[in-house]
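First chain written, first letter: the chains are A, B and C, and each begins at residue 1.
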């Protein structure tokens, strides 16, 4: 081959490369700008800070791996926080998702008043983690609170749920279940995308309801289930506001509500250890990333997308 | 015609955009920022002060910035990190040392007597703003601990002990009396096991400081154990608030026993009397922290709030001018009243005296009564004191909940506290 | 005779069956409603509590479990509205500006990015997608300070720019990922057919993908609106002037844990702050419902 002929080939390859990628990158431009100009810098800065001692008043001082070493070898509260957070994730995520999916399916079909219910079921999520919720929760789950008053009717002697370190975490799981509004809404939007004629055909064939659920609903809803699973897991690992506000920022009683991010926040803003807090953040990031990666890898086996089906 | 309309629309559009996107008002000759934590009442007074000050000082524009206590420190830390602190920041005794020791505040000594006219103020309260021999914070109100009590319940139970000179034994007896008289409906007191401020008085009554002159923890395991044991005994007699309420840390004052009505006594600071009275059903009274029989004075008078000059200030002269007006200008001190605490200037106190309401009178009377009974101000706390406070509450919780033996927990606390202080240096 | 009889009999049986089926269906619906109503009561309790607390005298909020106020304090609403140095009218205007801009920004920029990730092939897709997911995972509090410093250098502190501009640059990966999941569900033949007809990628995005994704867009709009309206941390950090405060920030001005608070007024204003969100919720909900009609056509 002569030298002259490779050049146009290369050029045409370039042309095709650009033609292939240009539209996508055009659509990605806002995100790329945002990511590289606004988001990436602070993320890298926090990575750098995790190797420093930084009290936010004076310039950060490089300490190498000292923060990470302290965390894994000497910090009892770090392990405590991990324990609390993992327990919460394991309980709250499935509970909330099942609740949300169940109610979404009930609401999806047949009822004329569905809009009203949908609004009502979303209301608790609107209250978010406001101060009102903190006060309400302490009143509900106190020894002399509403929950125990209701249990009393059935002859059950309730405990001081929220101030007993053995049970306080469960009151937050209940809160998570009760604020199932956003996954429910996403499930509903997903259910709306499933063509109704599929169910009609199944009905004519006499397919029983539960098989319609496993054969039609679940597979077609898989991408949305996957989304909710991944996002709820990430959110649960990062749970902050509810735990912070209900424990008045301390993780009390006896560190039973010491969620990872509550601990991190206190280290950073209360105890002036932003460097250490950054190290904590990166450890959490890696934990979350592992979980997310596993979700994505296994999703190949149970999530199939319409536009990638042959 | 067409052109003018378009130009007009453009101008209006730009105006809307500017007012929408930029909250910075037009520049005055100089602009200083004042940042404080507040509540509706305090905010109203402070903005009125700013207006009064600006009227008298045309060249200086003061930007008032406020938010509630809980969020105040997060924002403050962020601004500090960005080297964008307000010129003047409100400081709390608990945080003052953290900020001074890290170098975020400027000393005020060079202005004292020149533009900051505080020479004739009570020196005790002013000294509360000194760290390592320099004045870093101006006292804008003093307070002291107070055992707030429900006067109706006290009367009904026939508690007639001298509430200024009483001892811990008197306190325990009062708790029993009150609980018995009300058939347990109203307990004697909140359980103060987790209140490190009261514990600090306890340590001083034993003749020690919590932090020694070297900045290390000087309180002993015995101090801690005896304190927690005393409360354990009261819990056993069932004359203090239930432990479920006790282990809620830092609850808002509206949830305290005296406010809710299930106990007759709670621990607070004297400048909070007005706030507690606002949420309590009965008339409240003020008592000192009980004394130790034959012990040293434990309680002390401290600044409730400070105003400090930040290292990021660009116009210290104007900032000090504003600061000075705050504590000396009669028009301004009148607006402020006792809301932030008792002023350190006798002249100001005298001027305010005639206009006080009942609860304010109570706090002034209380203040006068304790003057001779209190000890000296403790030495400035080391870095990490905030974390020690958290550890006290955390470890104390396991004692209150019967999950740890008093002695073991006390040992753990002293060990943890020493570690924390060491790590923070 | 027998035939007629048999036919009559068959009709009778058929009728009975139909009645039974209808009865069962009605029973089913009734049970469903009963279930939903009882769940609704649990769901509504906090709102009722909030409403009750906003009308109670201050010292009644914490002391008693009964919802019914001993004395109705309607004035909390009026007093609360004017209870701060700046009236809530200003706070509502501020919140509305920030929220409207954020929702628009989110919908445009995130649907752009999601379209690229979900429907277009390009070099570096997996890598960039991973980066995007990473922004979801990092705890917000540790990037707070670097971000603050960054916006400070740009001179954006004390303006709404730090709250709004990132939204136009698809800063919220949640919405990108959400839309990606929905966009991927649409049949590929749609784009292929359109491509053959000579449609540009933008045309496909605009005329095919978006109209078919109304439920997803409606969901994203609702969330974006609610979360911006309720956002507290970013306004806390970036807004200094009380005149520029948003509603959630203003609500925090009522409380002083250590001193005098106005709980009644705070609760009253909290109730009012829910009103715009609920209205918006009901409005956007229609978008989700309308989605059925469109997707039914394909």
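Worth a mention:
Rule of thumb we're sticking to: a residue touches a chain if its C-beta (ideal position, glycine included) is under 8 Å from a C-beta of that chain, and two chains touch if they have at least 3 such contacts.
None of these values were measured; they are calculated from a predicted model.
When the partners of subunit A are compared with those of subunit C, the chains appearing in both lists are B.
Of the two interfaces, A-B and B-C, the higher number of touching C-beta pairs belongs to B-C.
Across the assembly, the mean Cα position most removed from that of subunit A is the one of B. Here the spacing of subunit A and subunit C, counted between their Cα centres, is 16 Å. Centroids of subunit A and subunit B (each the mean of its C-alpha atoms) stand 38 Å apart.
Distance between chain centres (mean CA atoms), subunit B to subunit C: 39 Å.
Across the assembly, subunit A contributes 56, 135, 248, 268-269, 274 as residues in contact with two or more other chains. Looking at subunit C, residues 61-62, 145, 252, 255, 257 sit in touch with two or more other chains. Residue numbers of subunit B whose C-beta contacts span two or more other chains: 70, 74, 77-78, 81, 250, 255. Subunit B contributes residues 20-25, 33, 35, 37-44, 47, 63-71, 74-75, 77-79, 81-82, 84, 86, 250, 252-255, 259-261, 269, 271-272, 274-275, 278-281 to its touches with subunit C in the complex. Interface of subunit A with subunit C (complex): residues 17, 20-21, 23-25, 27-31, 33-35, 37-39, 41-43, 45-46, 49, 56, 103, 106-107, 110-111, 113, 115, 117-128, 130-133, 135-136, 139, 144-146, 149, 178, 182, 185-186, 188-190, 192-193, 195-196, 220, 223-224, 226-227, 230-231, 234, 238, 240, 248, 260-261, 264-265, 268-269, 274, 277-278, 280-281, 284-285, 288-289, 292, 305-309.
On the side of subunit C, the complex with subunit A involves touching residues 29, 32-33, 35-36, 39-40, 42-44, 46-47, 49-50, 53, 61-62, 65, 108-110, 112-113, 115-123, 125, 128, 131-143, 145-147, 150, 165-166, 168-171, 174, 176-178, 181-182, 184-188, 191, 200-202, 205, 215-216, 218-219, 222-223, 226, 230, 251-252, 255, 257, 266-267, 270, 274, 277-278, 281-282, 285, 288-289, 291-292, 295-296, 298.
In the complex of the two chains, the subunit A residues touching subunit B come out as 55-58, 135, 138, 142-143, 160, 163-165, 247-250, 252-255, 266, 268-272, 274. Contact residues on subunit B toward subunit A in their complex (touch as defined above): 70, 73-74, 77-78, 80-81, 98-99, 102-104, 242-245, 247-251, 255, 383-384, 386-387, 390, 393-394, 397-398, 401, 403, 424.
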